[in-house]
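Dropping the structures in below, format is structure tokens.
Both of the next two complexes hold chain A, though its partner changes from chain B to chain C.
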Partner chain A sequence: MTAPDSNAAQIAAAAAAANALPPAADERPEWTPRAEMTVLNREIPRLDGPQKVTGRARYTHDVRLPGMVYARLVVTPYARADVGRISLTAARKVPGVVYAETVKADDEGVRYQGYDGILVVVAAETPEAAEDGVRAVRAKVTPLRPPLVTPEQALADGAPQITRRGNVSSESSRGDSDAAAAALEGCDAVVEATYTLPVQHHVCLETHGCVVDYRGGDSATVYHSSQYVTGGPQEFAQYLELPRGNVRVICEHMGGGFGSKFGAGTEGLLACQTAKALGRPVHLMLTREDEFLMAGNRSGSKQRMVGGATKDGKLRALLVEADRLGGVGQGSLPTPPYIYDVETSWSRLRSVHTATDSNRAQRSPGHPQASFAMESLVDELAYALSIDPLAMRLANLSDPVYHRQLQRAAREIGWDAHPHKTAHGAPDADGRALGIGFGVSTWGSSSRPDAIVEVRIHPDGSLEVSNAVQDIGQGSRTLVAAIVAEEFGLPVSAVTPRIGDSSLPTSVYSGGSITTGSVAPAVKDAAFNARTALAARVATALGVEPDTLVFRGGRVEVRDDPSVGMSWKGACALLGGDPLTASGKYRDHLHGERVHGAQAAKVSVDVLTGRVRVLRMVCVQDQGIPFNRMALRSQINGGLIQALSYGLFEERVIDPIHGVMLSDDLEAYKIAGAQEMPEFTVILDDDDDRQAAMGMAEAPNIPGHGAIANAVYNACGVRVRDMPLTPDKILTKWLEMQR
Partner chain B sequence: MNAFAWQRPGTVAQAAALLPSDVDDRSAALMAGGQDLLTELRNHLVEPERVVSLKGVAGLDALRFESDGSLVIGALVTLERLAADAQVRARLAVLAEAALSVGSPQIRAAGTVGGNLNQRPRCWYYRNEAMVCLKKGGDECFAQSGMNKYNAILGGGPSYIVHPSDLAPALVALSAEATLVSPRGARTLKLEDFYKLPSEVGPQRETVRAGDEVMTEVRVPAPAPGMRSTYAKFKERGSYDWALSAVALCLWTSGGAIADARLVLGGVAPKPWRTPSTEALLKGRVVDDETCRLAGVEALRGAAPLADNGYKIPLTQGLLTRALRSLS
Partner chain C sequence: MSEPKPPSGAPRDPSRRAFLRGALAAGAITQTLSKVEAALAEPTVDPSAAASADDEVATLAGKVPVTLSINGRDTKLSIEPRTTLLSALRVHADPPLTGTKEVCAQGNCGACTVLLDGRPVYACLQLAIDVQGRAIRTVEGLGTPEALSPVQAAFCEHDALMCGFCTPGFVVATTACLEKNPSASLDEIKHELSGNLCRCGTYPHVFAAALDAGARLGGEPRKDAR
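For the complex of A and B:
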């Protein structure tokens, strides 16, 4: 079944026009003062929690349709290769295989590891038959050397060209290098250091992919693990060669995206082509190995820095030469000096390409890389000057919010009582040293004006809110219901949220922390319009003015005389036979920008083994109105965990001779587990009194790994400048220090 | 994985008869808990026509102390059961700790003693199907000149894998014996002699087990009175990982000094690495900084690290220090 996605909006608009009164010109929705909120600014358990923990939530992976086939990809493991003849004869003879086609043109080689390594698509009646079909494909693949998987190989004289832009691209500089170099002269301390970060994967629990329900004809429904449901029909319609309005995209639940699931991807294109060829639904989800090879990553970086400060702790000079390492992609890195104020700075950034999978957006793209380098440099300068690293930070941050937040984080982590602040500590008799480190974060939290929301009140008192937004895990399903519940003085359970379907009113992507800031104002606007319309009906029935009415505690009543009023159900019954439908759109005055965060980490370093154990992480984070305090804390916990995992373990490993990825499973690509979890102290910064909706999810995973690295130094004097902080590096550096 | 025939013999003799005697004949695979075999099948490192499951064989799940104080462990005893057994924990701590250090709760619930002792290496070149390394019949140990952070520093060459079993160092330290049954009969040998270096048995094997031999049980002799023991395993990631290095140590003290010691290293060599010269050095010494230092030097004598795994020397020395201090 396919519902053209314009229909619903047309119906909604018509209904709204018929049943809603326009608000008075001088009235506009405003967020309820926080102290008066009865639903928002509280702990709201996620509505889909029970479904998720009982396994009833249906993810894209779980979709099963009549006549569906399973598609699998044949992927070369090599970064670069010549591809000779590909034989599909045996694959097509595998029982159950219904489709096997090459993706490559004759003599087309593999130029990079990732999408370009896909050779063949196989589809079969069962996943097992598809796998057997993949195994039966014969292809003559000859790896090329050097594989060009390291920056050194890519930059070597005579290295083959990797991208159309060459092996180095997008070079830019800012500032005056002579002036910055001259400013170094007057500094009391100068630190020269190179900071490197490896490529990190998103590691979505649900791999990328879709189920394309196309059975011939002129319409299709696509189930897609997507962080942009509204944008889906355009891309899938193009791949299916169907009118955009005839393609519907659904994402009920998704198992993680983190920036890697904005589009259909090559896997989406191939699923569509297979469905077109077969006229049957196609299930194409990447395997975990495929996911590591081609589903994107956070770019690595190498930042050569020279920084100088005077003995008052002021940063006076900074010179940075940085390489973004995004494979065939550009990589990302904000321009130094990132958050801190530096009197004179110069930077030159460039992309160094390798024949590896392109980077994609990943939660706060570029920021964790920039943060690690800058937080490390500030820390190194502080110790070089024997200045408290907390004081050093405060001296170079002009925004008072950071002062408030850093001081709070310091208080929570116990910095005052910490015995060694301006020089590193030493291990105890058993070889264990304790340290504390800091870092700060920022994010723009912008918005997009696209979201349209519909609120429908039924005469029986039931209430729906509809918007195509996906719940990437941040709790948007719960949020849209909660905002409507607040408006009507009802419990969240009284509202049915409808999301994750492109046939619902337009929404925005989930990326850059824009979802809440873009959708919440539109929900508020729709709820406000619905309330205004219903209030008019009730006012007429009660013979009072609409603006004397309040919706609270399941009633609609006169504010100053609660005896005059009626129950919510009674009010809705006034609607007669037809529901009341109101539409809302993005309202900029309900949105705010720019969030701040400060973090502190406390670690124990075991100098006998090199183990870094994170004991505690503190995060103080602002976010405008904290709509759902439970969801916010949960999301901040997630950011802290990602930063911890990035800092301690995560690293893509590709053999530099053969160009084969060695870390293509969750054994070799290590992510933090339950035993690595520290105590988390998440403080929602209630001193931020902005009455505005804004997202903040990017910020919490920016500074944690830098804070951990700084804590390691504070503990025992080991400064690791190349992430991750694995035991081999800690131990080797510690022993070097003892010589 | 490829399709295979599933065979479920009812006796050890039937199981052994279903296995090819030639160790290089990989047409059948023996399965206990399947925790290692499944990963080998999934990655197409083995593609047997038949999988012979031991699950239908009765009597392989004994876990009991005999009247002489020795411990009998059936090959199908799960790691979870071994780790949780109160008697084992009290009398053979090194073994219980080693069992508890394996994998995850799920793996320990399914994984068996026999499977753990006979698992294949985790070297990421070996585990990657695209890399036809020495261990898979190729010409080269890619780890030797490649990414070798996790590889051997002792006993390496021509293959540089480390043996992945945690139970093996513990059981070798406890002087355990294993019983192997084949159509030719049963034999019992010391686990210490069961594991071999690639230079001894070739790079494609880790043990002297013949293709049609089924390990049925392990017997730990009663330790001399007064033994204290521990298994100090270092995992890069505490939640679910193999050892970067591990120390299995059994210690007997008398009047404050070490009377006797058994020391076996794990995670650093292609087999459990016993170091008798360190055991001899420890005798008569009290555990102090100097003893720890000397033992560390002696235990790692002959270590020949590759480019990226030199840290395993101080790591192992650190673990040994911790183990000695914890038992003194």
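For the complex of A and C:
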């Protein structure tokens, strides 16, 4: 305790008086004006960075417990199959194998690739023994033909039924097709095109799975690589047949989710069953191959579009027939015309099912698919009318934010000086052509009202903030601490964040960019309540009004007379023996909705090899209050890179004869690496002055691949309408153009 | 060192399913397809007739003592000869060293990169028994949260990590790159890190951290010719 605050009797009296004070006045928390922020709206290094860069951060995959066994799945590679006799006798004889059970009932076949392809669970003392156990399983599996892994197979006459809803489901239409067709008549340019996108995988580097610590008895702890820790106990308790309150779920760190890790999954169920049977902790993390087969994906898409525009660049008519290709799942696609204003439009959407793994939410579900089609169509119409594609976009976007952002992106990428804006360019003597393309994004950034946050101030000055929220890489651990630090005028390091544990106060899932918008207001509310309570005690001790006090620079002092005050530690000492605990809940006025975003890409196309090299990507992104500017840039880089990877490389490939996935490792399923990285220019749009918390993980992930495709056209006139933009497609089209 | 026990019989035919999996991992798609076709053309074994054979298993088991020099300390393990260095570190070492991550376990991603006599290698592609007597450095041996190495510190300051699962591999690969050449240019760094995959999208910040760390290590990062 420091000298000015060392009068114990005075402190005790003040503490007693403070306890008698009425509750805080009915003012409500408000975000600090950005210019006055001392912690937030700055570059905040992650609090868990040192743990992660030294290998000390413990992920689910890293959990080691006494008596723990390693479980593995036996999975058929076929999409559809008859399953005959499964013999586990040999597997059970493998030294170290302690468990081998079939998952399938007698004569139960495999109806689709994914969870339905799991035949057996094996558990053993070591991962090596578990693998031996997997290899020793004998199963008679006969693939069925056709495997129904393509939309064409699923739609063929007489095709076996894939889902209970049939092979086509969830049809809907919007608009008047006659009116839209009539509107085409008055157009100066009409483009008719089909845009297709492959199935993309999440490729979480930590595979799906959990460690179930159940050793008999009536309680369990589950370590789960999860995007929804608070939701975990309900599911795991059901699988373990335990009371929900007796199951604790922990996710200290997790190696990526991207929308695929909301629930326990079948792997979670099987881990629980194995743990129940053995009374021992079970480690069940999917192999990389299993991950590709059953851990979800972004649905593919086929969009047949007819669009028309008049020579003033206005979009007048649009007709869309679109298939969502989500395997046994429904797939996702926002209703056209997506972001752009079109005078008259009609669309019909449906889900075409295949006997493949269900899609799951994947970062901005449906939007990258819709964006590619719409950004391509707008571009095609612009060139058909010899209109600058940037001007064409501005003509059909009513929200002024897009105008500000697109113009900024265009300036950064050098559009003004670009030599060919209204017609495509040509390769130089070395066969290389340069092009620029654009795209825009949108996301709702909504929130959930569930989060409850606890802030605890200890008499020794230490400070904790607690909420069950998971940090999936966006930096939520650092964010919750930083908001509290801002409130008390302390450095971020003064706050200990406690997250990723279902025994902590309720939180929300991390998906749809809702984490920040849902949790930050509750953290602010809790911090505000804690500050109000502490200020009351300090005010009594100092003999001033509480509302004259400010917390800044590690002190609590009178705003206009800093000589009247005390250190943070002195203030906390007023608490006497007990910590001060304040809770906070979601406050809607602290949250904002809807972000935009504009992107530009510059590419070099080599027409001799068909190779596209992205040289530069620019993103201008709004996000309400930019709490942690460094983490936001990381998040935006991530969106741009995933879009680049999706646009140039990624594609699930399933052999259509046997229904075997051919792209089930990171060799065959390529994601972007260091050598493919362009120069990134990420601009946080500070003209967005909304004093609101909102997430923006999804938005920067949406238009990048479309912008790249448009840049390829702008470079050399090759219009690729089916992603990814692989060299074979570029070369084929280029050679067609030369004929 | 004791010899592993010889097999009690000739290796058994792998199951058809396992064979197909092996074939699928084997190589070019056309080649794979022909193997799949060949496999499907095989007569299906009647499992009831073959039941006795199917229910037997030939195992080649037995542990050997192995001493690994991990982060400057000799670590004694008793492991099977087929144990990878990755598994030795993550599973069999006591206490386990789980900083080295398992992502693909087949040499595609770099998450398990460790230094072997100063050179970066994929721990999933090394047998532990083969790297006895060689200096193994893992991410845990480079620095501690309280005393970060220059590369680790630069990663934190530049936010060169998000979910963090690829991060140990990148930290180790960057360390190898800069120990070889602290003046590495951006293009050279990209080349050196091209064996590591990240999904969150940390590459730009990793490059910035690597350039910064190079300068801290006394290098003068060169500009690439453009």
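Here is the rule we go by: the second predicted complex is superposed on the first by the 713 of 739 C-alpha atoms of A that agree within 3 Å, B and C clash if a C-alpha of one lies under 4 Å from a C-alpha of the other, contacts with A are read in each partner's own complex, and residues count from 1 in each chain.
By our rule, a residue touches a chain if its C-beta (ideal position, glycine included) is under 8 Å from a C-beta of that chain, and two chains touch if they have at least 3 such contacts.
A quick note: this is a predicted structure, and the numbers were derived from the prediction, not measured.
Colleague: Applying the document's definition of touch, where does A:446 land relative to chain B and chain C: first, second, both, or neither?
Modeller: Neither chain B nor chain C is touched by A:446.
Colleague: Compare chain B and chain C by how many residues of chain A each one touches, and report the one with more.
Modeller: C
Colleague: According to the stated criteria, A:496 is in contact with first (chain B), second (chain C), both, or neither; which is it?
Modeller: A:496: touches no partner chain.
Colleague: Could you tell me if A:735 is touching chain B, chain C, both of them or neither one (first, second, both, neither)?
Modeller: first
Colleague: Taking the superposition on A as described, I'd like to know which of chain B and chain C A:610 touches: first, second, both or neither.
Modeller: A:610: touches chain B, not chain C.
Colleague: Using the touch definition from the top, say if A:667 reaches chain B (first), chain C (second), both or neither.
Modeller: both
Colleague: For A:726, using the defined touch cut-off, is the partner it touches chain B, chain C, both, or neither? Pick first, second, both or neither.
Modeller: The answer is first: A:726 touches chain B but not chain C.
Colleague: After lining up the shared chain so the two structures overlap, which partner does A:256 touch, if you call chain B first and chain C second: first, second, both or neither?
Modeller: It touches chain C, and chain B stays clear.
Colleague: A:649 contacts which: chain B (first), chain C (second), both, neither?
Modeller: A:649 contacts chain B only, not chain C.
Colleague: On the A-aligned overlay, A:234 touches which partner chain: chain B = first, chain C = second, or both, or neither?
Modeller: neither
Colleague: With the touch criterion stated at the top, can you tell me which chain A residues are shared between the chain B interface and the chain C interface?
Modeller: The answer is residues 77, 128, 132, 135, 653, 655, 657-658, 660, 662, 664-665, 667, 673-675 of chain A.
Colleague: Would you mind writing out the residues of chain C in touch with chain A in their complex?
Modeller: Within the complex, chain C touches chain A at residues 14-18, 20-21, 24-25, 29, 32-33, 36, 40, 44-45, 47-48, 51, 54-57, 59, 61, 80, 82-83, 87, 90-92, 95-106, 108-109, 111, 138-140, 142-146, 148, 151-152, 155-157, 159, 161-168, 171, 189-191, 193-194, 196-207.
Colleague: Sort out for me which residues of chain A touch chain B in the complex.
Modeller: Residues of chain A touching chain B: 77-78, 128, 132, 135, 430-431, 606-611, 648-649, 653, 655-658, 660, 662-665, 667-668, 670, 672-676, 726-728, 731-732, 735.
Colleague: Quick check: in the complex, which residue numbers of chain B touch chain A?
Modeller: Result: residues 2-3, 44, 122, 124-125, 127-131, 142, 145-147, 149, 234, 236-241, 244, 308-311, 314-315, 318-319, 321-322, 325 of chain B touch chain A.
Colleague: Inside the complex, what are the residues of chain A that reach chain C?
Modeller: Its residues touching chain C are 43, 45-46, 48-59, 61-62, 64, 70, 74, 76-77, 84-85, 87, 89-91, 93-95, 126-128, 132, 135-143, 202-207, 253-256, 258, 287-289, 472-475, 630-631, 633-635, 637-642, 653, 655, 657-658, 660, 662, 664-667, 671, 673-675, 677, 680.
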